[in-house]
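Since the structure comes first, as structure tokens, the remarks are kept for the end.
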Amino acid sequence: MQTLKQKALLALAGMSAAVMPVISWAEEAAAEVAEAAAEVATINAGDTAWMLISSALVLLMIIPGLALYYAGMVRAKNALSTMMQVFAVVCVGSIVWFAFGYSLAFGDGGDNNAWIGDLSKAFLAGIMPGDVKGTIPEVLFIMFQMTFALITPAIIIGGFAERMKFSAVLLFTALWISLVYVPIAHWVWGGGFLSADGVLDFAGGTVVHINAGIAGLVAAIMIGKRKGYGTQGMTPHSMMMTMVGGAMLWVGWFGFNAGSELAADGVASMAMLVTQIATAAAAMGWMMAEWMTRGKPTGFGLISGAVAGLVAITPAAGFVGPTGALFMGIIAGVVSFIAATSIKRAFGYDDALDAFGVHAIAGIVGALLTGIFVDTMFGGKGLAEGVSMMSQFLIQAEGVGVTIVYSVIATAIILKAIDIMVGLRITEEEEVEGMDLALHNERAYNH
Amino acid sequence: MKLITAIVKPFKLDDIREALSSLDIHGMTVTEVKGFGRQKGHTEIYRGAEYTVEFLPKIKIEVAVSSERVDSILEAIIAAAHTGKIGDGKVFITNLDEVVRIRTGERGTIAL
Amino acid sequence: MQTLKQKALLALAGMSAAVMPVISWAEEAAAEVAEAAAEVATINAGDTAWMLISSALVLLMIIPGLALYYAGMVRAKNALSTMMQVFAVVCVGSIVWFAFGYSLAFGDGGDNNAWIGDLSKAFLAGIMPGDVKGTIPEVLFIMFQMTFALITPAIIIGGFAERMKFSAVLLFTALWISLVYVPIAHWVWGGGFLSADGVLDFAGGTVVHINAGIAGLVAAIMIGKRKGYGTQGMTPHSMMMTMVGGAMLWVGWFGFNAGSELAADGVASMAMLVTQIATAAAAMGWMMAEWMTRGKPTGFGLISGAVAGLVAITPAAGFVGPTGALFMGIIAGVVSFIAATSIKRAFGYDDALDAFGVHAIAGIVGALLTGIFVDTMFGGKGLAEGVSMMSQFLIQAEGVGVTIVYSVIATAIILKAIDIMVGLRITEEEEVEGMDLALHNERAYNH
Amino acid sequence: MQTLKQKALLALAGMSAAVMPVISWAEEAAAEVAEAAAEVATINAGDTAWMLISSALVLLMIIPGLALYYAGMVRAKNALSTMMQVFAVVCVGSIVWFAFGYSLAFGDGGDNNAWIGDLSKAFLAGIMPGDVKGTIPEVLFIMFQMTFALITPAIIIGGFAERMKFSAVLLFTALWISLVYVPIAHWVWGGGFLSADGVLDFAGGTVVHINAGIAGLVAAIMIGKRKGYGTQGMTPHSMMMTMVGGAMLWVGWFGFNAGSELAADGVASMAMLVTQIATAAAAMGWMMAEWMTRGKPTGFGLISGAVAGLVAITPAAGFVGPTGALFMGIIAGVVSFIAATSIKRAFGYDDALDAFGVHAIAGIVGALLTGIFVDTMFGGKGLAEGVSMMSQFLIQAEGVGVTIVYSVIATAIILKAIDIMVGLRITEEEEVEGMDLALHNERAYNH
Amino acid sequence: MKLITAIVKPFKLDDIREALSSLDIHGMTVTEVKGFGRQKGHTEIYRGAEYTVEFLPKIKIEVAVSSERVDSILEAIIAAAHTGKIGDGKVFITNLDEVVRIRTGERGTIAL
Amino acid sequence: MKLITAIVKPFKLDDIREALSSLDIHGMTVTEVKGFGRQKGHTEIYRGAEYTVEFLPKIKIEVAVSSERVDSILEAIIAAAHTGKIGDGKVFITNLDEVVRIRTGERGTIAL
């Protein structure tokens, strides 16, 4: 099939060579469609190689990436337990995804497919190494998508950090993936109603980041503030860890964004390049805003801005060009800075590690701006045939709105249920002593 | 013999050590401590939460000296540690009943 | 050749499309054979890309992965020297592999090939970038296999940690790779007698983990307990490091297991997926067993369980399906928990960082269970034509037994010889002061 | 096109099969040329997959790799700010590369092309995901080259560490990439005069390492010594970080060196293998030299030697064979040991983290030795038609000399200009307090 | 003047600081120490090896006060640090010959 | 009552603790400190720069004891901490006005 694909591409290359620099990516998209039609499913080793490593990169984002990023931000007495929660989410989530998560998210729900898949692939029954999805093995698609289902609940930890029971974290992970992540993933990527409506979400701005950020806020509010919040200093116990974790998020995000193309091609490459540009711009944006308003640039600002940029470019990665990425990055950096400082202060919720302030806010900025910067005017791929920038923006807003409403309601119900079942919050004594010793009889450091 | 205990700003440690050396004092013990005092830690707004940094890093220097040298050494420490800004620290003087050098078993001022 | 391969695959796809979901992987294996016959050797860029990165991933497992994992577990006074030992093993081992290790392990030993290769490729003489092995350059195969030869002696460090002379570590590495690793690798992977007998070891459960774990136990016993073992606390000086190192082992292990397919295809993808599932299951298994028997779940238990799962799935990765992986993971996690706690306590040896308790035990569990879960009944690839589950199990047991016997004897002789030559153990004074200062005049931290 | 390439290779394979072991790589190079002529540009998914991950690997070298490596070496009070500088260089550099760096370095400068590119590709205008460079998308080439433009100024930080103003670091990065990195990259890789002269620099020994090391020395001298240098101890505050950062440099360097082939093939594989061998040899070389002259081997020596080996093999990676790599590694390790200790002591400059002592010195050793070990006599690819070893050596020396002279002059001018504009050095008080608190109001650790 | 040295459980630090503040004591010096006492560290089995955690983390608080205020301050510290469980800690009182405030050179109770 | 303060080499801590235990002393407080004394840190050449490690890690052990037991305990500490090499450390003895056990409120020697 490689051969057919190549011929189609060559033909296209011949035809379009003269006009290449002035046409939009749409031309290419057309070629892809033509190609796809001509193609019968075989595995492409190059694409497979890229998706294998992309899966590894997304896992790297979570462990050790996010684990370090979050553990560095908490106080030393909760460092190990926070890291452990991230690992536990990975473990629980993997089992859930294998058992029924994948099937419900990507199975064919038949008449109900607008809402949810089915259980035909539960326990991955009958899926063979040779089964193909696009140009890669289906098992690899399952693996790659699994990592997305893992990172999403792991991000939520930032909202309830330093005060949730460990058993509640485990339960929450299993329930939240099943009842919140899986349906939303199905709506956007599994053939559900949001994809039908034309919501653009290349790598999960809506499904992953807005969703997790909103759930984090709900959790932060429902579980209440940490003891001493607002009076005692709760600065990161190790900014070194947070910086290193942030760097791993950054590097791993290339697998997240460029991997979402599911192939090793020009669009994946562009996704990587715009990710880099948006991230750099957002890091500078946050840091400069901080420098100007508070007198000093901080490492924490720089890395928080970088994460905001990574989040914001996520839905846009395969759609926008470098210049669009630059603008998206700057805007996301500055807006998230405001959200994680002034807005948080104004409302007084204790979103401990800024799951909401960074992931939801930058996610929303990114999702909305994707509708704008996708336009060829800004060097993007171009809007779909017959769709205006305004209507695309509204479609994006629909995706954001639906995600927020569903995530708020479902997360709140899940938390309430867990509170009744096992209780959400550790005792005050445990909180003072620190979760590491109180819940796990361990200390992060024994120097 | 007396024990002079000075609680000072960390970056003054080298100056004090040099001042003592020039007085021919070649022994001291240093501890990292946290100080709470008139020098209030500034109010910080960290990610939307206002809080006061209450404990500031300080260095505690302990020097055992013979009683007659207390004054000159005290002067030297104060001179070296002084910046005139709040939080410069304190010096405490306590009485030592006895001093022993473990290596030799010597006691008293000869053990210093 | 891509073209021929594609044609063969297409033909097969056509033929088998109807029965696909109910047949075993064996069908595919048959295709591979047909294909291989038709094929003349050319390099496939996709497979090469995957093996390049797999090689990097296995190195990542060792440095910084295993280095962090082990250094976190020792006391602060030995943290740097423990890390340094891992690096030194990498350096010494690379030279040995280049000089003669590869040639002896994978060279053609002619009449003696059942036992050992030859020196025709010593110093990699005459090997050109264009030489092909399967679908990848032979130099890349050399590189990938080198990383396996490096990680194996690095694992052994866990047995003799905190008390071996640095010079002895260097000597041990050179001798042990030459006299233990190389022959066993030849027996299983280089055309030696164990591969002829049909031992299944996809990625090195026997060659790497059982081998290293057993050698670690021998070393632990011969060098004796650490001073104060059993009375003084010897808890990990930094659980953060151990968790992070464990995470890197996990991520890097995808290169180890899925890379062992030597191609970017469906089997590699399945190897990655089952690795993830087994690891998650084992981590939960250990942690839950600990929670139930000792009252609290620990981060150290979680990560140790994860490593046990990674080890157990290693021999099975390309052979079993997701459900088999789940069971293998749970069993390995619980059994290793018992081994690293109760059994170790009962026998009283000081396997300081559980080289034996985790690597050998989970390796044995994995090697034996591979013979069972490979069956199509459990969703595996299927047993070879005419081989029953029982006979495969016995073949697996043969592989395990041979490895244990040889590793015990050869390791003991090497250690005895080193003891005579330069001495194995540091002085008591050095042990009390810590190896960092005593042997290297350095401290891990100068805060 | 895959097909044409394969045919060409097959033909060649047929013709040369008999003589293969005794001919040099030149034969292959000839084939590549033939092939290239026959080829029209299409994207190869395998090569693209490898270059995507290589780009990620080079970013990993910088953040967290180099960031950890350097931050571990400074005193605790400057740990966060040092790390932050590395991140800031990445951010500023990404924007500069996007804005005009790539265009000036790799654009076609027309009549001036011997000296510099043009601005036709400024802001990456008009570059589409489908544009091809060799066998990969041009956007991917841009991305990969960007990471080189980022790591080079990041290395320089080692020269002026612990005493430069943060604003000066930002300014310096922007100016130095524009005025020093971009022209030299153009000269060697962008079709400039050094490439025309036949300078061999596979992965950037000259462009990256000599260039950065020299600039680091100039900066170290112009900014002056750290307060207390030579009397107070300034040992690494965390050797653990430095070792871990070094390990990430090592792993990431596979993307740097093997990625520089821009394809997943035999040469890339050989580049990876020789990188491993040279690095191991250099680490042992430095450590053994230290052991013999100072009585104890250190972890810091081991990792510094490893970095020296990585640097030295960089220009040679695609050209030399394993035996050449071994010798280059040993030589680079020992020479850098002498440079970073005795020479530095003799001259008394404060090259704080040995940007010059390791990167420039090992870079020079590597660049010169490349001219020798490229010879088939040492198992290398072979000298170009009609070029003697002596003349190649002189060409290499020309490359080194030009880089040194230009880098010294241009760096000095830039630093002088910055000193006038915003000042280079922090105040003495800030230096005593530490940059973390004084400049950023943060602390690396809050235990 | 007297130096009150209290060795207490770490999590009581904030309560003690507040108790002292309400007595208008605004200076103290805090050190992280390890304590060995009747409160035996529990026996742990770690990976098959049994051992006793012998040293427990404690906080040492030093407050220099004028002699007449010793009793009230002592009471306040004890009240704030008290849990009734073993390991609550000790308070030591020693005599101070002299106190100097480095910033001003003031001596005696005015320097506190 | 007296406070015995010993500044010793870190690796002697266990020996001293055992020596005290055998004298039935089951309480002490330990602090990590840095010592400066006759035992000069060696001159190191680190990456081309010569410098002297001036502060060496030491352990400070504080034991409050009743006055009549001072001598025997002092002997035990000295014996356990002694290596005969420079840097073995010092012991200081100061007077304690009062000791309180926070848990019970007991005062005096019974509180030890």
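Annotations for the structure displayed:
Letters A, B, C, D, E and F mark the chains in the order given here, with residues in each chain numbered from 1 onward.
Just so it is clear, contacts are C-beta pairs under 8 Å (C-beta built on N, C-alpha and C of every residue); 3 or more make two chains touch, one makes a residue touch a chain.
Remember, it's a predicted structure, so these values are computed and weren't measured experimentally.
Annotation: C-D is the more contact-rich of the chain pairs C-D and B-F, by number of C-beta pairs in contact. Annotation: the chain A:chain D pair of sequence copies touches via predominantly different residues, less than half of the used numbers being shared. Chain F has its Cα centroid 18 Å from the Cα centroid of chain E.
Between the Cα centres of chain A and chain E there is a gap of 48 Å. If you average the Cα atoms of chain D and of chain F, the two centres end up 52 Å apart.
With centres defined as mean CA coordinates, chain C is found 33 Å away from chain A. Each of residues 2-3, 44-47, 49-50, 53, 232-233, 235, 264, 441, 445 in chain D touches at least two other chains.
In chain E, 31, 44, 54, 94-95 are the positions where the chain touches two or more neighbouring chains simultaneously.
By the touch criterion stated above, chain C contacts chain E in their complex at residues 229-235, 340-345, 350, 354, 357. Residues 44-54 of chain E touch chain C in their complex. Taken together, the chain D residues at the contact with chain A in this complex read 1-3, 40-53, 55-56, 59-60, 63-64, 67-68, 71, 79-81, 83-84, 87-88, 90-95, 98, 123-126, 128-131, 136-137, 139-140, 142-143, 146, 166, 241, 264, 439-447. Residues of chain E touching chain B in their complex: 3, 17, 26-31, 64, 94-103, 105, 111. Those residues of chain A whose C-beta lies close enough to touch chain D in the complex are 2-3, 6, 9-10, 13, 20-23, 25, 28, 44-47, 49-50, 53, 57, 75-76, 233, 235-240, 243-244, 247-248, 250-251, 254-255, 258, 263-270, 272-273, 276-277, 279-281, 283-284, 287, 296-300, 302-303, 306, 321-323, 326, 379, 445.
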